[in-house]
């Protein structure tokens, strides 16, 4: 997130907060930086504040652990902050938009139903959900998606640090990620749901998910089968993917990929090492479209779990919120007119 | 195969054959040995013969490449040899048993329909098929299996040497294995088929498969969903797996695992590195049984692709053929009564 | 250790101890078992005791963390127990033998100098030290070793659980292991030291070490250069390795490998995956002997870090102590005469 | 190379050549592209020519296999082309500069001694040599380097495609790379050699090398020990690295890194995954400087083997040749004055 914010045209980092244990230390000493790019200079020397007390900044990105995120995010919203969160806690709250900007930008209107004093909470979905929903959205819009079977092969960076012990995953597969299958089976229903009268009615969609951890650094791969609302040709499906754009591209949001979904026409692709950085890590690669003897079609997707699936996705949510003026009087953006 | 034959109580290695290029050389110079166990001493100095000309041994194990196996295996059978093959060429021939000894031992009777002069061909299924069929067999026998969705995470040893380039698979997943999905979708139908009047009627089963290569040395992992013939409890399913034995165990075949299928009751298991050597690599580990919102049940299996899925499986086929006296006058076993 | 003790001809597991947190729980619930072989049945249900209070068993194997091992091991020795330790705390104590049974079995006599009340402490060296010392010992005995440069490529299992985070080591090398270089530079001097009048004079040997962690599950690989006491031929060196045996083999100790050092004559070997299980994991593979332009000779070794380098090494130390009757009145072995 | 040339400010790709087998095909069909970045568009549709017949371009980059490079490069030079080669064939030719632009730019004068008709051959050193020489150069210039011990942990991309089989390197180390140790022991002597009267006198330097392949995608790591010409402090060494620049930076060559050598002050760095892209892959990261009990100092380096160690290094050589006007009348650069 810090790497993506560095040089962002709209947003400038004001503060970094962490638990009491790290508060008061300089960022580069408090954090364990594991990215190949160096710590942005102005962040390195920033003093880490404690999470909780009021901040002056209007927009907060939360990567809090689920054990702390629930109440901390609500409190910040009460204090008038707009919180864009990667935590799972508020994702299924009826008045919190579970936002994939290309897919359900209108769900941002839910924010008006939130009863926080001026602030708001916007939820970024699970890292696997985002990749799947982006690949399904063009099909859902064009043909309707009724049933989905998905088996994931997920990267180790999805578990953060220290995350998965190397002794568990080198030369191995772990066919389990706590809570992940449930998220993949429920979040898409809300994201594809209809917003009417301030309420999201879940889409009539059934998803069955099996999740695996594999020895890949970055990039989640999904093997998906779908039953569509009507019979279509492979060409129509590929065309739906290739022509899909969405509001972020239309609005020219800084983090929007030129093409959110890219069909890759090679027999053995997409692959995580080859395609995770597509569209600066914000696009989803799809390939291997073929008939399924059980449902209708099968295909494979790959997307970057820590960019599109986490920090980059949250950034795009914030950009959309600002561009849509979803939040009245967002501090620092009151009279601003960002965008091209 | 050579490592497994070393010290086998029934069989003794007589000859090793290869292409003209290797013929005439001593085995340890002709072969690229990559196993952790050393080359069995009596094999190391054995002179490699050319594949083709007649041999004195009655039983042949074929690991020929598919480009050569078709005709070579037929010719050896014509010459009176019993050929147990890992190649795909004859698997779907109507009169060739596609044999998983615990599952369809009666299919060995097909051999009587073969028109070779005294010899015979017995086919060992694909390495992924074997693991899946063993896990499905107890369910099929007890409840009927109607529909199967399977996504595989397959080890690199399945591609042999040189196989997959390291530059393609380290920190990566390849969502494609040539011909593999077709094998997983067709072979189980023959294996589960009914033998009547010398003909196998394919089982009325639909399988949809997606195959992936992952950076694991040995051990194929399968994420399986099934629709069964009737509603059953999880306990009944686990009991079907745990109580499954089959003819090889009953006959005390040397390579038969004590329990062909073992249910592992940990939330994040089975795992290939932990379970591939179960039952000396001849058993299948199953775990994570849970409901499936699309079909009925989901679970995960792991089995050793080069032992159970190849050499060990072929050896067990040969042992069953001998014990069942499936082949009249098999040279070297004419009057023999192997077994305990 | 538990896996190696299972079925041991001399020793039978009596108790398992751990911190207060685990005490009182059944072993299989208290421990995180990560080996491919299952937990030995009689251990699985054993109640874990707290480390500290007296035990009835005479022989204790300590795999305590260095933060606890120092005092706990002394206290157990005071209580009359013989403690064979994998911890680093007492390794350099003047009266504690730092034991590689094939190399310095006479150092066991140091135990007589220990002032514990009947008990004793015997130290197993660092996992990398053991592999290096075994490879150097035949050269040291035959020609004298004066200077050693060693660069290690160490397996992740050496760091235990959780150990190295997968996010740090997949597609990566970590050129640092805390404290490891110091151990490799100092422990060999004591092991090769002369025991006279109850004192070990360190060998006049200089070692320079650089240690790396690599994405290998088991097996430490060492790139070694040596300066010998005199000019010798490659044949003489290989002969020294191949003919090396030592006291454990002579005494027929249960865990002694038939050949502690095996020279592998292939241009690209030894390799950890291929050779770590040599001699049931108790032997060291050596290869690639060639001239060094700076010192005299260069070569590569591989050995199993958790078997020979830890549990198996400690077991061999205990077997030697029993066979040599190094400890008077060791409980359970008072009148025993183990061995062939 | 093609990815680096895409958008290069001085050079524009004119032709691509390959063996007869590929000639006549469009590039994207003839090549197996494995990079995460897509094939540059104008290259994708370019028709591949046969290597051999004359070309119109003045500057050629050769990545030919050593079996073909020797004569093909000479022939192109005879025809008047300037050939910058990654092949090993001409590296040790007395009149061919073995060029690391920051280290021995004056060696370009050797080109004048070449007897080709207007053309020339410039050799890019081995991928490991470049990283080592860049790290040693500041020490050599400031203090003199007399003896070097180096153990490499090299990435799989160094072997190209198909290169190392995955079955050989996953969960493994291969302690051997054909010809590599010899290159590391001889090439630095020529690179650090003095050019006088058109002859390079090799530097009086002794290097001992051991080379290993490890399961890392990109980035060679070297564990180096050095004996210097005089006693110096750690500060002086680090200062020599940090202040090192060289002619490419001074000339503002497009591919020159701002700082060719960067000292990383963390106890467990440099690491290949973290530092291989330093300076767009053109810089060398150095760390862990400490005393060596055998020589004087020990340290670790990491550099990108396919960028700095191959394509990027060759490009920098070509840029230097152009900027220095090393080659009279280089076609396409006759009157040009590239650079800022």
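As written, the chain order gives the labels A, B, C and D, with residue 1 at the start of each chain.
Going forward, contacts are C-beta pairs under 8 Å (C-beta built on N, C-alpha and C of every residue); 3 or more make two chains touch, one makes a residue touch a chain.
Bear in mind the structure is a predicted one, so any value in this text is a computation, not a measurement.
Undergrad: Name the chain pair with more contacting C-beta pairs, choosing from B-C and A-C.
TA: Of B-C and A-C, it is A-C that has more C-beta pairs in contact.
Undergrad: So which chain is farthest from subunit C, going by the mean of the CA atoms in each chain?
TA: Between subunit C and the rest, the longest centre separation is with A.
Undergrad: Using mean CA coordinates as chain centres, what's the subunit B-subunit C distance in Å?
TA: Using C-alpha averages as centres, the distance is 40 Å.
Undergrad: If you average the CA atoms of subunit C and of subunit D, how many Å lie between those two points?
TA: Once rounded, the distance between the two centres reads 42 Å.
Undergrad: CA centre of subunit A versus CA centre of subunit C: separation in Å?
TA: About 49 Å separates the centre of subunit A from that of subunit C.
Undergrad: Would you mind listing the residues of subunit B that make contact with two or more other chains?
TA: 34, 170-171, 215-217, 273-274 - these are the residues of subunit B that touch more than one other chain.
Undergrad: Looking at the complex, which residues from subunit B come into contact with subunit D?
TA: Subunit B residues touching subunit D: 34, 156-157, 159-171, 215-217.
Undergrad: In their complex, what parts of subunit C are in touch with subunit B?
TA: 34-37, 170-171, 217, 273-277
Undergrad: Of all residues in subunit A, which touch subunit B in the complex?
TA: 147, 149, 151, 153, 171-176, 185, 206-208, 210, 212, 214-217, 221, 223, 225, 267-274, 287-288, 292-295, 298, 300
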